[in-house]
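By written order: A, B and C. Residues from 1 in each chain.
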C-alpha cells in the first residue's frame, strides 16, 4: 500500500496567493481531478506535487516521507505529463519512443507497433513528429502512459487537443491504471466524469478549497 | 544554530531588531567617518614619495575591500537561501548587489584619479585594477540576471547560483590576471605598493574601513526593511504597522 | 553503473541526432567564426610579424564569441517543448543527463571549431609552434566554455534580454582566454607553456566536476 499526501500547501506566484492550507491524502486506486479556471493554479499544484516547484510552506509526502528527501526514489515512481508534449519535432515517432523508453529505465525491448496500435496511431512508426497534427502530437506525448510502469500519474490537461476516440482511450487507460492500484491526479478546465466513476475532485480559483 | 538562523531569518523578527541595530550602526559609522577623514586628510603627514595624493587611499582601499567583501556576502547569503530557503538572505543579497557595484566603481574611479599624478595616465592594466574591473562586470551581470526575472524568489535563487560560481571564479580570475600582467608589464608597479605604513596613516585608514563597513550595514538594514514590507505586504503584522 | 552509462549514451546520441538534423545554428556560427577571423588580417595587415602576434589571440576571441552564439542550443528546444521537465523528473540524476547534453554540444561545436581554427592557422601561415599551442589550448579551453556556458544558459534561457547570457559568460571565461593567449605567446617566443597548460587543465577538471551540478541546480530553479 503506498500513500501520497500533501500537507498544508501554499502557493504564491508573483505575490498572489493562489491557494493556501491545501491538504489531502491519496492511497492506491485513487483518482483525483483538479479543476479551475485559467490561472487558478492547477498546473502549479500539479508541478508542486511532482516536485518541480519547490514550495516554502507545506510539504509533499510519498509514503510519509518528504519527497525532497528521497528525490530519485520518488521520481522513479512518478510519471508527469505537462502541458507541452515533450516530444522532439525532428525525431521520428520510433526515435521519440526509444528515448521515452530509455528514460523509464526499463530494459525490455519495445514493441513499437503494438504500443502505437493501442493509442490509435498504427503505421506511423517512421513519421517525423513535425509532420503530425496537434492531436497526434498530444497522443505521442501521452504514449508515456503505456510505456512507463509508474505508480503515480500526474497529467496536466491530458484531454486537450484530443478527439473523441483519443479521449476514450485515455479515459480507459486512467481507469485501468487506478483499478490496478495506481494513483492518478489530473487537471481539467471543468468538472468531468470518467465512465461514471466517483472522482475525488478539488476546485481551485476561489481561495477556499 | 539552525533554530537561531530561523529566528533571525523570520521577517518580523528581523524587521524589529534591524531598527534598533541600524541606529547604533549609523552612529558608529558617522563617528568613524568624521574622525577617519579628519585623521586622514589633516593629521596624517604627506607621503614622502607621493605627496598629498596618497590621501585618496582613505577612500580607495576601504572601497576596494568592501567590493570584495560584499561579493562574499552575496555568495554566502546565496548559499544560505539555497540550503535553508531563508527569505531574509534573498533580500540581503538583492539589496547588497548595487551597493557592492557602487563600491567597486568607487574603487575603480579613485584608482584612476590616483593613477593620473602617479603613473601619468588614468588607466593602467595593473593586475589589481583589472581584476577589480572584472569584479564590476560580475556585479553588473548579477544585477542584470536579477532584473530579468519577474518572480523575486526565483531571481534570488538563480542569483545565488551565479554568485557561488562567481566566488569560485574570483580567485582564478585574480590569479590569471596577475599571471598575465607579470608577463606584460614587469614588476615596476609593485614598487608602489607600500610594504609598511606609518602609524599615523594607519589609524585613519582603519577608521575609514570601519566607517565604510558600517555604512554598508546601515544601508542594507534600511533597504532590507523596506523590501520586507513589500515582500510581506499580505501578512497581518505589516498591515498593522502600515495601519498605524 | 552500466545503466548510467547507457542513459548517458542515449541522451548523447539523441542530442547528436538533433544537432545533425537541425544544423543551421551550428553551421551559421562556424561561418561567423571564419568570417570574424578573416576580418582581422584585413584590418591589421598581413605582415607576418603582426599575423603571428595578433591572429592566435584573435582566433581565441572569435572562438569565444562564436561559442556564445551556439550555447543556447544546449537547452533551447528542450525548454520549448517541455522535454526538460521529463529529464528533470526522470529516475536518473539530472546531473548525468545534463553532462551528456554538454558533451554533445562540445562534440557538435567544439570539435569543428578546433579543426577550423587549425585550418585557418595553416592558411594564415602561422608558425608550427603557434598552431600546436593553439590546438592544445583550444582542446582544453573549448570544453570549459561549453561547461560554463551550460550553467549560464540554464540560468538565462527564455528570459527577456538576449544579451544577458553573453554578459554573464564573458567575464567568467576571462581566465581561460588569458591562460590560452599567454600560452600561445610563450610558444611563439619559444618558451615553455607548460604552466599555462596545467592551469587550463586544472580549470577544466574543476568545471567538469562542478558545472553539471550547477547546471542541474539552475535548471531546477528555473522550472520552479
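Convention: a residue touches a chain if its C-beta (ideal position, glycine included) is under 8 Å from a C-beta of that chain, and two chains touch if they have at least 3 such contacts.
Nothing here was measured: the structure is a model prediction, and the numbers come from that model.
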Pair joined by more contacting C-beta pairs (A-B or A-C): A-C
Chain whose mean Cα position lies farthest from chain C: A
Chain B and chain C, separation of their C-alpha mean positions in angstrom: 32
Distance between chain centroids, defined by C-alpha means - chain A, chain B (Å): 47
Approximate Å spacing (C-alpha centroids) for the pair chain A, chain C: 37
Multi-chain contact residues (two or more partners), chain C: 224
Where chain A touches two or more other chains at once, by residue number: 54
Sites on chain C touched by chain B in the complex: 148, 151, 155-156, 159-161, 164, 167-168, 170-172, 174-175, 178-179, 182, 185, 196, 199, 203, 206, 210, 214, 217-218, 221-222, 224
Chain B - residues contacting chain A, complex: 85, 87, 150-151, 153, 233-234
Complex contacts: residues of chain C adjacent to chain A: 3, 6-7, 10, 14, 17-18, 21-22, 77, 80-83, 85-93, 220, 223-224
Chain A residues touching chain B - in the complex, by the definition given at the top: 13-15, 17, 54, 56
Chain C partner contacts - residues on chain B that touch it in the complex: 82, 134, 137-138, 140-141, 144-145, 148-149, 154, 157-158, 161-162, 164-166, 168-169, 172-173, 175-177, 179-180, 183
